[in-house]
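As structure tokens, the structure follows; a few thoughts come after it.
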């Protein structure tokens, strides 16, 4: 393992220190428990949006803290969901009196820890709601399993709900919008290489030069199946088809297309893949109205990509376009 | 080689197609010759800022085209400088009648091709100037060699000169500012892994698990020396010391610190390294007034990082802060 | 010597040592069908437990178990943190304010613990989770504390082994579908390790 | 048969084939001390040259050389594009409007070509560049076109070989400092290949 780190057990704290120094006016970061909060939190009278999850997916979630997006993020250890006391501390720091919405990716650990935290802060008299996102179509869903994972859709969820909260929407509205996003967003990813978790020291799996993992998550979990490597046209179609079939996205659907790098895939390849995805969508008569291209929800240095499709309506589009000022996403301000 | 591509010989054109689709209101992209231009170019009466270089360093340069930065970028083949007819086409597309400034990274190929282009457009009666950036302290400079390379400082140069041009500065002023940036910016980089050039198909060099290349460029050229892998504190100091000694940066210097990922190094490590760099600068009494952290000038999927330090004065700081709207850098608008 | 707070605390210290010793094994198991953090997370959590026990030893078995519970809940994260935390919390509640644990109380505590895990995680036997180790363990009976714990450890080890051929239906391994079969579940393994270490301490 | 436009065009076609054949070798040489694109860039450039020659064969040797020059300049990029482009451009100017190339004109053209490379790139003999192959080649004399070109190819090959021990002072290899020694310069190698193919065509 070759990484620019001092000690695998302090990597998250060390990185948070650098992040705080990098964004002085924007973020206020505490280390124990680890919380990344808006510098101007709590914003009085505003619904507070809080998320979090294991580290190693940067810029998710800390890079999305700021005006028009998250009020706070709770970074867990690498690939490990945060603990309830982190979430409790975050909520306490950013609660502006109008209630708190927790956005949780659907992983057993995340759900259980946020659930515990929600009970604790509710006991303190804070109106707290939880919306769980599970947009990964690679995982076959059933009431008997842990269900789908939360992946790329999380970025869009945080942006849209954050914009609503910033514009003064109440907790009910924020929760409704969050559920609308979750109901209309689908994702799927592939991995060309494995990430190396710092405290493990070895790649999470091994792939031959001509293999890839299809239906990968963002934690170095192996995917659903191992397939022979193929050209970009084939790979993008393999990502897009199950997404389109799932919701389903129909002709004349208006969508946001999010083409995401898992970290190690360079922008050159990502733009190339994005172009193919746009072409395939155009062929199906689906209108791409908004797009996001870049490494926004990653898995350390893993090479690979994911596609996320969100069905838009005027309300969601306007919230997507609303100003945002975070470390990783910024416009209109 | 595992990449999300269709054909190594069309990768740049394919990626440009995706880039155009991803940023419809912002960019206007032609394929033959390949030019990425501002959608609203030419801006009448404004000095046009044009840069370019080999592809594989994304978001540099195409990601920096837009309001307050570049008017056009010329993407060459991967790691290959663009051709004079690309530059000529770019200049013709964006010339707003107030002259054109070419920003060129100091590589023999880039310098020769831009030089040829400058001759051609000057013959068309356009007032064209060229400023060459050579900020890489890893290369020992001398009049007998090709001199230093242009690396991370290029991003800062494009931002600052672009802001000046946007604010209405004339060609002389833009050229003077460009030379001021070049005179006050220094960089150095390391590589933990090698990039794989698509048309080569194999990594540009091989490093053992416990080795790194110090003084690396952005083209997969081997660095000045191969050293044993070390912890982040050691690596960051090894990058910073030669930069500080070179200019030199003195106590009470006000600086912009740019912590850059070479592509494959994740943000978690990058923030960690940034924190160390800020601490080391604070220890020397140097004031970090502005910072930029992220993968902004990369070498495909290469793991590694670079540090860039720019000595600031009030004029440069104000230009850095000025609004910018490009695919990769955006604020104030 | 009875099973008082000091004895329980000593057993917990021993369990922490066992977890540390098996950290890499648990990481490897979790890497195969999960995300590779189970060993590291538990090691970190039990490290904090040790630190808190060093500060002060609580004066009832229930208080020791509660200290373990709150520490695991607040420091571990992941699925195992709240699940093991809940298990210890329910066990603490089950033993009440008894000064010493009897064989019966141990049995009751084990059943309460597994009920807590099931309540939180909604897993059933056969889902390839720690529940496969804990459920048979909770049925353990015996005339002495040591006997109950030995029976529980034996049952947990067998239960853990039984996860190997299973296709996971809960937790991160479930994403693998059929590919999860043929692997030992890391949480079932850590449950068996914990119970064996308790048995060895008794 | 004299060395008219058709002959020169045929020689250029042959050179394009040789470059394509040696593409991987040139890539490997450039990878060792540069950025690995030299073979690919030249191959791409000569590919465009072939396409243009297919459209129409210019009617003087100078016009053929000028077509090669402008194509390389506008299509190759990198250091080699403008350098080889300049070389062919100067050679074209040097041979004027001659309908056939004489041995003397070939010598003059070679010298003009290397002067052009030096004027653009500012490299001297010993800097470990194509100049080390081209400079001795330009001194070639002979009674026939074939003789001149054979002498030039021999000299270029020797000149290219001489780059192996050198420490680069120009081009991308110069960034390597001492580490550039022990490698054949890719541009010197491609120069030798081009001249050998011209000699073989004559």
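Letters A, B, C and D mark the chains as written, and numbering starts fresh at 1 in each.
Methods note: a residue touches a chain if its C-beta (ideal position, glycine included) is under 8 Å from a C-beta of that chain, and two chains touch if they have at least 3 such contacts.
All of these numbers come straight from a predicted model, not from anything done at the bench.
Note on chain placement: the centre of chain C and the centre of chain D lie 74 Å apart, centres being C-alpha means. Mean C-alpha position of chain A lies 54 Å from that of chain D.
Each chain gets a centre from the mean of its Cα atoms; for chain A and chain B, those two points are 29 Å apart. Taking each chain's centre as the average of its CA atoms, chain B and chain D sit 31 Å apart. In chain D, no residue touches at least two other chains.
The set of chain B residues touching two or more other chains comprises 78. In terms of which chains touch, the assembly is arranged as an unbranched chain of neighbours. Applying the touch definition to all chain combinations yields A-B, A-C, B-D.
Of all residues in chain B, those touching chain A in their complex are 1-7, 11-12, 14-22, 55-56, 58-59, 63, 78, 192-193, 209-210, 212, 229, 231-233, 235-236, 259, 263-276, 278, 288, 291, 293, 295, 298, 300-301, 303, 305, 330-333. Across the interface of their complex, chain A is touched by residues 27, 31, 33-37, 40-41, 44, 73-83, 120-121, 169-172, 174-177, 179 of chain C.
By the touch criterion stated above, chain B contacts chain D in their complex at residues 9, 54, 76-85, 107-109, 112-113, 115-116, 138-140, 144-146, 149, 197, 199-200, 202, 204-205, 215, 217, 219-222, 224-225.
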